[in-house]
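Each of the two complexes below includes subunit A, the first together with subunit B, the second together with subunit C.
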Partner chain A sequence: MIINHPLLGPRDAAEFVVKGDANLINRPDWQADDAAQQFYEYAYLRDNPAGEHRELWYHEQGDRSWLVVTRNTLTHEVTKVELARDVARAAGRSA
Partner chain B sequence: MRYSGFKVLMEGLTGNKGWKPVWREPDPKPDYDIIIVGGGGHGLATAYYLAKEFGEKRVAVLEKGWIGSGNIGRNTTIIRSNYLLKGNQPFYEKSLKMWEDLEQDFNYNAMVSQRGILNLIHNDPQRDAFVRRGNGMHLSGADAVLLDEKGIREMCPFLDFKNARFPIRGGLWQPRGGTVRHDAVAWGYARGADERGVDIIQNCEVTGFDIQDGVCTGVQTSRGAIKAKKVAVCVAGSSSRVMAQAGMRLPIESCVLQAFVTEGLKPVLPGVITFGAGHFYVSQSDKGGLVFGGDIDAYNTYAQRGNLPVVEDVCEGGMAVMPMIGRARLLRMWGGIMDMSMDGSPFIDKTHIDGLYFNGGWCYGGFKATPASGYCYAHLLSTDRPHETATAFRLDRFMTGHAIDEKGQGAQPNLH
Partner chain C sequence: MTQSNRIDGGLIDRDRALSFRFNGKTMTGHPGDTLASALLANGQRLVGRSFKYHRPRGIFSCGSEEPNALVQLRTGAAQEPNTRATVVELYDQLSATSQNHRGPLAFDFMGVNDLLSPFLSAGFYYKTFMWPKAFWEKIYEPVIRNSAGLGKLSMKGDVDRYDHGFLHCDVLVIGAGPAGLSAALAAGRSGARVILADEDFRMGGRLLAETLEVDGMPGVDWAAEALAELSSMDNVRLMTRTTVYGAFDHGVYGALERMTDHLPTSGNKPRQVLWRVYSKRAVLCAGATERSIAFGNNDRPGVMLAGAVRAYANRYGVAPGKRVTVMTNNDDGWRTATDLLAKGVKVAALIDTRTGITRTLDGVRVETGSGLIDTKGHNGISWATLQSGIKIETDCLAVAGGWSPNVHLTCHQRGRPTWSEDIAAFVPGSDLPPGMRVAGSANGTMTMGACLTEGRDVANETIRDLGFTASRKAAAKAEDEASDITAFWHMGGSKARAWVDLQNDVTTKDIKQSHTEGFRSVEHLKRYTTLGMATDQGKTANVLGLAILAEASGKTIPETGTTIFRPPYTPVPLGAFAGRSRGQDFKPFRLTPSHDWAKSNGATFIETGMWLRAQWFARPGEKGWRDSVDREVTMTRNSVGICDVTTLGKIDIQGRDAAAFLNKIYCNGFAKLALGKVRYGLMLREDGLAYDDGTTARMSENHFVMTTTTANAVTVFRNMEFARQCLWPDMDVHLISTTDGWAQFAVAGPNARKLLQNVVDEGHDISNEAFPFMACGEITICGGIPARLFRISFSGELAYEIAVPARYGNALMGVLMEAGKEFDATPYGTEALGVMRIEKGHAAGNELNGQTTAAMLGMGRMVSKAKDSIGSKLSERPGLNEEGDLRLVGLRPVDRSVLLNAGAHFITKGDTPSMETDQGWMTSVAYSPSLGHSVGLGFVKSGTDRMGEVIRAYDPLRGKDTDVEIVSAHFIDPEGERLRA
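And now, the complex of A and B:
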C-alpha cells in the first residue's frame, strides 16, 4: 500500500505504524456523569467496518507525523490522507 | 456408516461402490431449538457436541458459503497448550486433551500428529519467562520440558546456533503439541453432527436478527426467515460485521494473517519450531511442504490477502533461525481474517440480548481451540452456564477489568 502523505508525497506503508480507528482522537470528557461507560466504549469497542475506514497511521520511519488515512478495508484502496492535527483541530480537539 | 480398516478392505474388494456423501444437504426448516451461525470448525464442533454430549435434537448450522471455507481451511494446523494465564491455560489444555481423543470420538481420520512444539530461547530474560510459562503449563496438567542448548542441538542440529544477534540458548518443548489435518477436522465434525440429526445448511447467509424487546427469536437469511429459541453466532473473522446486524459493537478489530508453504521436501523438521526473537513458526506437513507464518498485517482489513512487508519480515525470521529454508521454493501463500480482540483472548458468552450468544475473538489462535471451543459453547448453549474452563471468556470483561492479556500489550489488537 502507498500512503500519499500530505507533506512528503507518496510513501510506502512499511514506513508507518498503524494505531487503528481514527475515533481515538475523540477522547471522551472525563468529567461527564457517564465517563466510565464512555471511556470503556472509547478504549475497547470498535465499529470495525467492512468498507471505508478512517484510521490513524504514524510515520515512524519518516517525519513522525500522525495521519488520518481513509482506506477501504475490502480493497485496501486509500482514498484520503490528512494530517491528524488538522482533523483534531477541525473537531475542536486542540488549539 | 462407520469407517474402519475392515470397511476400507471390503470396499476395495467390491469396487468402492458403497461410499456415500457424508452429510445431507437439507432445506432449512421453519424453526429450530438452536441455530449456529457459521459453519466453520468452531460452529461445526459446537453442533457436534450439542447433538452428541448435550442431547439437543433440533439444531441447524447456517453457512454463508460452503462449510470449512474460512479459517479452518486457512491456518497453519498447529495444536498446543502452552499458555500462561489461568483464564486461558486450562481451556487450551482441555482442547489438547480433546485433540488426543478426537479421531476415536468422531470416527474420522484427522491425522492428529503429536510431534511436539519447540519455542526457542535466545536470551536470559526469555529463559526466565519460559520457565514461568512452563510452570504455568504444569499447573494445568500440561506437559512442558525446558531444554538447554545441547538438548536443542540434538533435536534440531540444522538451526543457526551461531547467529551473532540471536544465538539459541535453549527452548521450551511441549511434546504433546503438534499438527492436525485442518480440513478433516471440519469434515469430521460435519459428518458427526449430520449423523446425529443436525441440519447443515450451506449457501445460507444470515442477513439479520429478529430482535424484539431485547429477545432474539430467529434470523433472516438469504433462504428465508428461520425461527430459533437460541441463536449462536460463531463467525470469527466476520464477527463485527455479523454482530453489527444485532446493533452490537465488539472489542474486536479484523486483521489478515498470512501463511506460506514451500514445495514438498523429504522429512527435515521433527516438529513445530518457533523463533523466539522475531515472530516465525514452522512445521512440515505430511506431504513434505514447510508450512510457516509470522505476524499479522497490522492494519484493519477484510481482504483475505496481505502485503509484502510482512512477507519479507516472516522470511527474514525464517532465515535467521533456519538458514536452510532459503533453499526451498515457496509454493503458495494465502491470508485469513482474524478477530483480533482487545486482550488477545477469545469470547464464549451470552450477549445482552436474550437468546443471542457469541463465540469469537480468537485472534490467530483459533484452530488449536476448535474442540474445546465447540464443547464449551455447546455447554453454554444447552445449560446456559459457562463451562468451568471457559468462565473468563466474557464479553464484558473489559468493563469489569478482567482482561486476559497474555502479552500485557493493552487494548491494541494488532499487537496481540
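And now, the complex of A and C:
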C-alpha cells in the first residue's frame, strides 16, 4: 500500500503506523456538562465502515507527521491524504 | 542410462553433457534441459507417487503448473522438498529423489491405499475418524500425520541466504511470451521504464515450444531478436527466473527471483531475492495453462498434456514416447500430432472428441466423435482403450482439453473471472487490480498473431496513460493458427476412476459425491474434496472440476461460479519472505553505550525490549547469579554502585508551551515545576488507566528533558506527537527522541556524591545544600565534557543519574569506576536494579501492566482535577473508583525462609480459594539481601487498610500456599531519609 504524503510524496505503508478512526482528533472538552459521557464515546466508540474511512497514520519511519488518510476499507483505494495538524486546526482545535 | 528418448533439435547445448542423479541412478542431460526434460530424455517415466493413493505418477506438464512430478532436490541441509521437476533447471551433479513412497519408487508399500480407495473417497477423514473420541490423539492423528505430506524436510537449518529488494518502473510486463515481448518492445520503444519478468530461465514463452513463424522467421529466432533489442535499451530491465507472484495494493507487485537455484551451490550469493516492484502500470501477459480431459486411469505415467508433449519435442529435443496417442477436443491438439510427425516421432492415433471433423493425418489413425475410456500399464501407460472397445498400443498419451488463461493475478484484489464460451475457459473480469491490463492468451486471445498484436496495442494504451508517445512501429506478424474448441470434460462409459486433480487425487466420482452429499458451492467442493489445493493450486484441474460439478448440478459453468486466486501464484519459500531477518537479525538489539566495558568486566547480558543490557557482573568465587546480585545490592546500599540506565526513553521537549504541554501529558501538575528541578510524572491512557511513568527535568524556562520506561519509549513519543499535532496543534512545543543521544548512568549509594565529586569539574557545587534531592543541572566533568546531572533515585539510596553525549558513555563507565575505587564501587545490572526497586516499593512494568489505575498504585491523589490531562476525565469513572479496590502493598513471608512467587493469588485466611474469594495477586518478588528474606509487591483488595494482616499467597500452579503479611511497599527507608542525605 502506498500513502501519498502531502509533504514527502508517495511512501510505502510500511513506513507508517496506523492508529485508526480520525475522529480521535475530536477530543471532547473536559469542562462540558456531559464530559464523562463524551469521553466515554471518544475513548470506546469507533466507526468501522465498509467503504470510505478517515484514518490516522503516523509516519514513524519518516518525518513523524500524523496524517489523516481517507481510505476505502474494501478496495484500499486512498482518495485523500492530509496533515492531521491541518485537519485539527480546521476543526477548530487550538492550544 | 543413455538418452534413449532424445531426438533432434531443441534449445539445448548438446556440446556439453551434465551428469545428474535421480534416486541414485546416474543420468545425463544438457544445458537448456529442465530436470523433467532430462528425465524424459533418459526414458524415466515414473517419477513419483500420488498424495493419497500412492499411485505411480509421471511428468504431466512442462511448467510451473506441474501437479505430479514433485521431487526432493539436493541433499543435506540444502534439501528442498516438493520442487517441480518441470521448472528445475538442470545443472551438473544435480541430485534428486522421488517422494511419497515407502520402499522403492516402483513398488510403494503405501500403494495399498489404492486398493482401499472405495473407502478413501471425498470426506473420508471427516467421516471415519470421528469416534471413539479418545482414539484421535493417540492413534488416528499420529497415523495420519505419518502418511500425510509429500516431501520431507531436512530438519536442518537453511544454509542459503535470501534477500529483499525494491524496484520501480512505469510499466511492469509480467510474462515474456509472444504478448509480453510485444508489449515490452512497445513500452520500451516509447522510453518508459519497463521491467519484463518471466518465471522461465529463457524468455520467449510458447515461442520456444512452437514451430509457428513470426515475421517470416521461426518464432524462437524472433524472440531472440526481440530480446536483443530489449537488452539494448537502458530503460528496460529483463528479469528471467523471476515469478511475479502477487498483485498488491496501489501497483505494488511481489516477485521472486531465483538467483542461484540453477547452480550447484549458491556460493556466497543470495539464493533468492524477493522483490517489491512499485509500478505505475502493469501488463499481465501470463499466458494460459492447458488442462486435461477426465477418463478412466488417465493418471498413469505417460499421460501428459498435449502442449507439454509438443514443448518437450520442440524446445528440449525429447520425445516423451515412441508411440504417442493424442486425445483432443480442439485444433491445438492436432498440432502436437503434426509437430511430432515432423520430428519423426510415431503417432499411434489421434482421437478428437468433436464430431464433424474431416481432417486427416498421413499414416495416423484418426477417430472423431469418440474418446478414450481407460488405460492400462504397470507403472506407466502401455495401452489405451477407445469407447468402441478398440485398444491402442501407446506409451505416451497427449491430452488436449483446452487452454485456461492464467487469470490468477487479476483475482488478487477480489476480481472475478468471467466465462467465455468461445474458448471454453474463464477470462479476466472487468474488475482488474487498478493499473493492470491483460494481453495475450492470459486475456483469452489464443492465437500467435493476435497475441503479438494485442501485446503491442495494450502496451501502447498503457504508456499513453502515463503521457508517453507510442512508437509507430507495427507489431510483429504471425499467422493465426487454428484454435477451435468444443468443450469436452470427461468420458463416461467406464468404471475406472477418472482423475481430475492429480496432485490431490480427486476423481470425477469424488466431485459427484461431494455434490450428492450437499457440498454444492464451489467453495465447499474445494474444501471437501481438496480439489485445487496444495502446491499447484489446481492450475490444471480447477476448470475441469467446476465443469463436472456444473454437470452434476445441472447448471452452466457461469452459474456454478469459480473459486478465485490468492497470492502467491507459485509457492514462495518462507526463507525468501524472511530475507535477512533471520536468527539474531530477526530482532536486532541495541547495545548500551557501556557495552564494551561491561563485556570486558564479566557481565552476563539479557535482552530487555530492544536492548541488550548487563544483567549482573559475576566475580570470581560467586556460585550463581544470586551471589552476584546480592553482592551488588549490598555494596550499593553500603557504599556505591553504578548502573547503565541509557535504555530509559528520553524525550527532549522545547518551546514556549512546553510546560503547558506537559501538563496535558502527565496527570499530575508540571506547569509550576521550578527551573533546575525534576519531578516524577505519571501518564494515563485516555481510558483512565495508568500508562507510563518517569521523571521530567526542567533544564530552563522552555526546555524539559523527560524520561520514560524502557518498554514504552517508542509509544510514549508517538502518543506525544499525536497530542502535539492532533489535539493541541497550536501549542508551541517541539519533541525529539534523544534516547540514543545520551548515555546515562545511575550512581547510587551513600558514597554516590563523593564519587561524583571526583569527576565533576570545579565550579559545579553538588553538595546536598546546593544540589538537593530532585535537583538537576547542566555541568561539565573530566575537564570540560558536557553532562547533565539529575538527583533522582530508583533504589531509595542517595543517588544521581549522570548523562553525557553517547560517544563518551563507555569511557565514562571506566572513569566512574576509577573514581569509585576508594569506595569499592560496584557496577550493577538489571537484576540488582530490580531488587532495589522492589525493596523501595517502586512500581515498574509488572505493576504498570495496563490494567492498573493511579489509585491502585497509591497515586490516586496525584491525578489533578484542576486541569485537563490525557485520561484524567475517565480516571474518575465510578468503575475505577469503588470501595474495596485493589491497592499496591508490600508482602513478606511469615516464615522468613520461604521464597515468594510472583503470580500467586491472595486468599483471606479461612476462605476457600476461588474466583469469588480472590483478594488480588503478587506482582513482583525478590530476595532482599538488605533484609535477609524474600519480599514481594502485590495488589490486595483494600490493601492499604489491611496492614499487618496475614493472608495466603495461593499458587496452585507451583503447588505453593504461603502465609504472607501485608506491609508497606517501602521495605527500605520508608521516610526517605537516605535519598535526601
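FYI, the second predicted complex is superposed on the first by the 94 of 95 C-alpha atoms of A that agree within 3 Å, B and C clash if a C-alpha of one lies under 4 Å from a C-alpha of the other, contacts with A are read in each partner's own complex, and residues count from 1 in each chain.
Keep in mind that, in the parts below, a residue touches a chain if its C-beta (ideal position, glycine included) is under 8 Å from a C-beta of that chain, and two chains touch if they have at least 3 such contacts.
If you're wondering where the values come from, they're calculated on a predicted model, not measured in any experiment.
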Exercise for review: Scan A:35 for contacts with subunit B and subunit C and give back first, second, both or neither.
Suggested key: second
Practice item. Using the touch definition from the top, say if A:94 reaches subunit B (first), subunit C (second), both or neither. Key: second
Check your understanding: Where does A:43 make contact in the superposed view: on subunit B (first), on subunit C (second), on both, or on neither?
Key -> both
Review point. Which touches a greater number of subunit A residues, subunit B or subunit C?
Key: C
Review point. Which partner does A:58 reach: the first (subunit B), the second (subunit C), both, or neither?
Key: second
Practice item. Answer with first, second, both or neither: which of subunit B and subunit C does A:17 touch in the superposed model? Key: both
Practice item. Mind working out whether A:76 is in touch with subunit B, subunit C, both or neither, as first, second, both or neither? Key: both
Practice item. Enumerate the residues of subunit A that count as touching subunit B in its complex and touching subunit C in the other. Key: 1, 12, 17, 19, 40, 43-44, 75-76
Review point. Any idea which subunit C residues touch subunit A in the complex?
Key: 248-252, 276, 278, 413, 434, 657, 660, 686-687, 718, 721-722, 725-732, 868, 872-874, 876-877
Check your understanding: How about subunit A: which of its residues touch subunit B in the complex?
Key -> 1, 12-14, 17-21, 40-41, 43-50, 53, 55, 71, 73-76
Study note, to complete from the structure: Note: in the complex, subunit B contacts subunit A through residues 240-241, 244, 249-254, 298-303, 307, 309, 342, 398-399, 411-414
Review point. Which of the residues in subunit A end up touching subunit C in this complex?
Key: 1-2, 12, 17, 19, 24-25, 27-28, 30-31, 35-36, 39-40, 42-44, 56, 58, 60, 64-66, 75-78, 83-85, 87-89, 93-95
